[in-house]
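In what follows, chain A forms one complex with chain B and a second complex with chain C.
This part shows the complex of A and B:
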């Protein structure tokens, strides 16, 4: 009997040792999120409030207080809507990642998409089934070009895309907020009596309407799901996806293999920009209805964390985005006991810190079933 | 006389606005010259800004005669600076631990710190000051010249009136950092670690130690830059702080070609664009109808892209910037 138990443990350990690379990759984000919840719980405790009560409110705020309420999507709709927006910016970062590029510019592309959507949403008055896709296509092209510009600068002039995309973010923010929205496309130009800041309202036919009453959830979620499927297929099933991944893994090898890496990088940043832009468009056409005076929901920056916590895969990004979308919506519920909704940022930030330092978590995971603690090193063959 | 007054007020606005950008930009210079990218300047500034106010607040042990509770104006702003430095060290250590010891992605780590600072400081603001707008006014360095005697000088004395401890720091630090990086053997090692860590390692420089030192100093500078906004320019922490100044500092560092004196000039140049815009708004608002404000505000970022792309001079980052160093790794 004793032997049998020992054999079983050994079997499990062998299985673990064979698979631990893959499993850890999957486990790291989950462990990071769990740690983040603990850290946040300590912070709540510090304020003299009960973490359990807070998390209960968070949970109810995210999903609803009963199964029936959850299924009616009255409460969860808000989180899923946020998740849809986050999915699109997250995917944007993921696609760029696959090509070895870091798209910090999702925020700027998001804003470009938002203002373009606000403009054409206002100008167009077409049947929704023609008008809305048309707006999304125009947004995709403009934001896509905005994203591709960073890739072009990298290829032609050797500028690191992290820096350019950060700069392009602020260029977009300042030009839109302090020029377009207050100047040429201000509501006062069209309606001198208006007391609102920002741009005029989009036409009714351009709006993404709520799917059912009592919620703000609209067809953004379908746009997001379609995007996940398309990006999944592009990355995993097409030649373009193969070229993107090859460029991202080893650009020199990809070049030698005859891949046009410059084109691949530009195309992937174009797709990335388009996705972020469509995300911004979804917000304008869905919940906002116009471009408000100041519009910095930060979903572009959040996209980076969605992608990272989702292990930079399309499906992972989607899961992470829906999770954090629900978390964000739920955090509003915690305001009942005086915890601000930016609390979600704390969990997101801490989780990302642990994902960034994932070597530490992996090291601890690898210790399981490992007899030697020291990582075996390759023998030095004397050559440099 | 009127013209001189305007010039003086122009210069003093420039000094005030440039201060956080210079100090944070130098933090970037120190860190990136040792090979660690620090785009967490924004988040570190935010933490420093909050904890500076917090330090100035908790050091007060007087009771507010009207409202009860702690009298926020009776504290000591130096405690605020101290607390900002401590939080800067901690933030630097965190970024360093992930990017140096764990060899994680430095940009991911920095993004995480920025996100955390965003939510975390709002959380603390609500916890300690019961608001998500801005903290109460605390005892600060706002409007307190560091060398009061200089303000007695006729005409230019006005200029020294705005020069509090942070402004002086911003004017002196670039030269100190320049001296350190280019005229001491520690500075030589520091730059060697950023350019070619392997070679530095072979010659007996402890690459990890230098990088930790650099990231921690960078954290301190960024936190002080944040403090210079909250208890230098103002006397409270506003939840919008630092409103993207961390990224302008990053741009200034690049525009200054990763050099301390270059960063100083770049920061002054960037502020010029902003101050010109403010002055135009006050004295010649009609100009803004032709050239919108947004153009002035976007100009620094646009110029940074131009200079990076080599259209205006050429900026090159230290060779090993952003590359984690693994001891014993083959080249």
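This part shows the complex of A and C:
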């Protein structure tokens, strides 16, 4: 009997040893998020509130207080909408990452996409099925070029993309918010009686309408899902994806083998920029209806987190984005007992730290499988 | 009899690998004991156990008859064990004596470094063993052979009685090797015990008293020098008969395929590394480029890859001048390459074997289907190559990082030969490979030559160059200082050329 038990344990250990690399890629983000919840719980406790009550409200705020409410998507719709926006910026970071580039510029590309969408959404008055795709294509090209510019600078001038994309973020923010929105494209130029600062409202035909009443959830989620599928196919099935991965994993070997790594980097940053831009467009065409006076949405920066927690894979990014979209929407519910909604940011932040430091979690996970073989005898027999 | 080192049933297990399997050895005082084996046979692990860097899972270590428990490098040094690593542990901007006394400095007046005493002591020890060095010379300016001498002195200065030399000849020219062997003999006379790790059988047979062959962590045999030969040792190492000399077909070289004219290439520092060289490479021919590391080989290879721009001169292939210095342009015009650094240049390690087998060819007709990878063809192609090149394990879906060095090199050779190139540029194609894998690569190079390709072989291994090349050009200080046919070339002559002690009149090398 005893031997049988040992055999089984050994079998499990062997299986674990063979699979631990693959399994830990899923396990690490999940464990990180669980730890993050614990850390946030301690902080909530320190403010004198009950973490259990807080998390209950968080849960209800995210998904709804009953199964029926959940299925109606009235409550969850908000989180899914946020998740769709985050998916697109997250994918942007993921695609660049696959080519070995760290796209901190999702925020800037998002803003470029948002202002371009606001402009053409205002100018166009076409049937939605023609107008909206057309706007998304224009946005994709503009933001794509904005992203590709950073790759071009890296190739031509050798400037690291982290530096350039951060700088391009600020260029985009200031050009748009301190000039375009208050200057040439201000609402007052079109409607002198307007009260709210920002750009004029987009035409009704350019709007992504709510899918059903009582929620703001719109077809952004379909755009996000289509993007996930397309990016998945590009990365895993196409020649371009093969070249992107080769460049990202070993640029020297890729170059040596005759792959045009410069072109590959530019193309992947173009795709990355386009995705962030489309994310911004979804935000304007769906939620905002125009580029508001002060925007600073932060979805671009959050995209980095989604990509990292999603293990820089398209599907993982999607799962992480929907999860954190729901979490943020639900966090509003915690305000009922006086916990600020930014607690969601703490959870997200702590989870990111643990994912980034995944070597530590992996080390602990791998310890499980370490077989302790015969130890050297440690007896001191008086000799050295 | 008391042994310098005695190992009893040493076993060392790394997760998933049995690195040392029940090894028992007795090493006599004052002998030169060689340990040979393929890569991954467990040589380095065993040395690290003796030096206290690893703790064995089981087994006993005795030094000078005393059992050692909880061995650490510090304890090993105290017991008189010294290790000379393959990669030197020297501070290049320090002088020779500073490097030697580092960590054991002489102090005067409580806090001031006594330089004079340091220099004296270093002189004393260098005279004692006949290891001539200038104590005040800056180490970074010294040739590799002398740097190694400094390493040995460093170990002796710490009172080592047992010296472990890990692949000491890998970086040396034939002349330097000869000098090292003289040093070893001098140390032996002084009753020092020497552990000599190598995979070069000729050298081991020359210098060692006894030779231990390791394979898969096991001792395959311990032979006295007089009772064995290269063939037997190779068989023990690999487990089968190894062809040490690869027969070449009698072929007249055909028309020139690759021509290099007045080529000048700059180094990273912006000074000329290749100073106007000329050579021609023809069909049915292997041209070997010999030379000590750092005489322009790196720059030459990179320029022929398209990874480094040329400063002036011309590269012609099939009479056509290369106009676009991009790796893909070279490949398009009939170049293929076997790199010296397979893990950095040759392979995308996280990719599967299958993906690596067509790296760079993904836009060729067969490998694509529209914009998609043609997975059906790729599957057939890679399982064929895995079979044809005997890549083990026979699973093209395995991560290439999980393969042994020899099998990784086979993946590269399979890919590059499948380009069906006109010129195959092989740069140190067997670096770090064991005898079996080396034989394979050599066979493939000769096969390419015999089938009418031109092969450019750049190597630091003189033996390899002499065995394979039809002609040998020697690179020294960025220039070709001599060119010999295979028949003319002797180790002596090439050595002199490599060290710049001799040069032929500038003639058209063709």
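Criterion: the second predicted complex is superposed on the first by the 370 of 384 C-alpha atoms of A that agree within 3 Å, B and C clash if a C-alpha of one lies under 4 Å from a C-alpha of the other, contacts with A are read in each partner's own complex, and residues count from 1 in each chain.
In this section, contacts are C-beta pairs under 8 Å (C-beta built on N, C-alpha and C of every residue); 3 or more make two chains touch, one makes a residue touch a chain.
Just so it is clear, the model here is predicted, and its values are computed rather than measured.
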**OP:** With both structures superposed, pick whichever of chain B and chain C touches the larger number of chain A residues.
**Re:** B
Original post:
So, does A:38 touch the first partner chain B, the second partner chain C, both, or neither?
Top reply: neither
Subject >> First, second, both or neither for A:305, with chain B first and chain C second >> reply: first
Original post:
A:222 contacts which: chain B (first), chain C (second), both, neither?
Top reply: neither
**OP:** Using the touch definition from the top, say if A:239 reaches chain B (first), chain C (second), both or neither.
**Re:** second
Original post:
After superposition on the shared chain, which partner residues are touched by A:190: those of chain B (first), chain C (second), both, or neither?
Top reply: neither
**OP:** Once the structures are superposed on A, label A:212 by its partner contacts, choosing first (chain B), second (chain C), both or neither.
**Re:** neither
**OP:** Considering only the touch criterion stated at the top, classify A:258 as touching first (chain B), second (chain C), both, or neither.
**Re:** second
**OP:** Find the residues of chain A that appear in the contact set with chain B and again in the contact set with chain C.
**Re:** 383-384
Original post:
Within the complex, which stretch of chain A touches chain B?
Top reply: 43, 46-47, 102, 104, 153, 156-157, 159-160, 162-164, 166-171, 173-180, 182-183, 298, 301-302, 304-305, 308, 338-340, 342-350, 352-353, 355-360, 377, 383-384
**OP:** Please give the residue numbers of chain C that touch chain A in the complex, ascending.
**Re:** 13, 15-16, 55-59, 66-70, 75, 79, 305, 307, 326-328, 330-332, 337, 339, 344-351, 355, 359-360, 362-363, 367-368, 371-373
Subject >> Contact set on chain B toward chain A in their complex >> reply: 37, 39, 94, 97-98, 102-105, 107-109, 111-120, 122-123, 126-127, 132, 244, 247-248, 250-251, 254, 292-295, 297-298, 301-302, 304-305, 308-310, 317, 328, 330-331
Original post:
Which bits of chain A are touching chain C when the two form their complex?
Top reply: 17, 237-240, 242-243, 245-246, 249-250, 252-260, 369-370, 373-376, 378, 380-381, 383-384
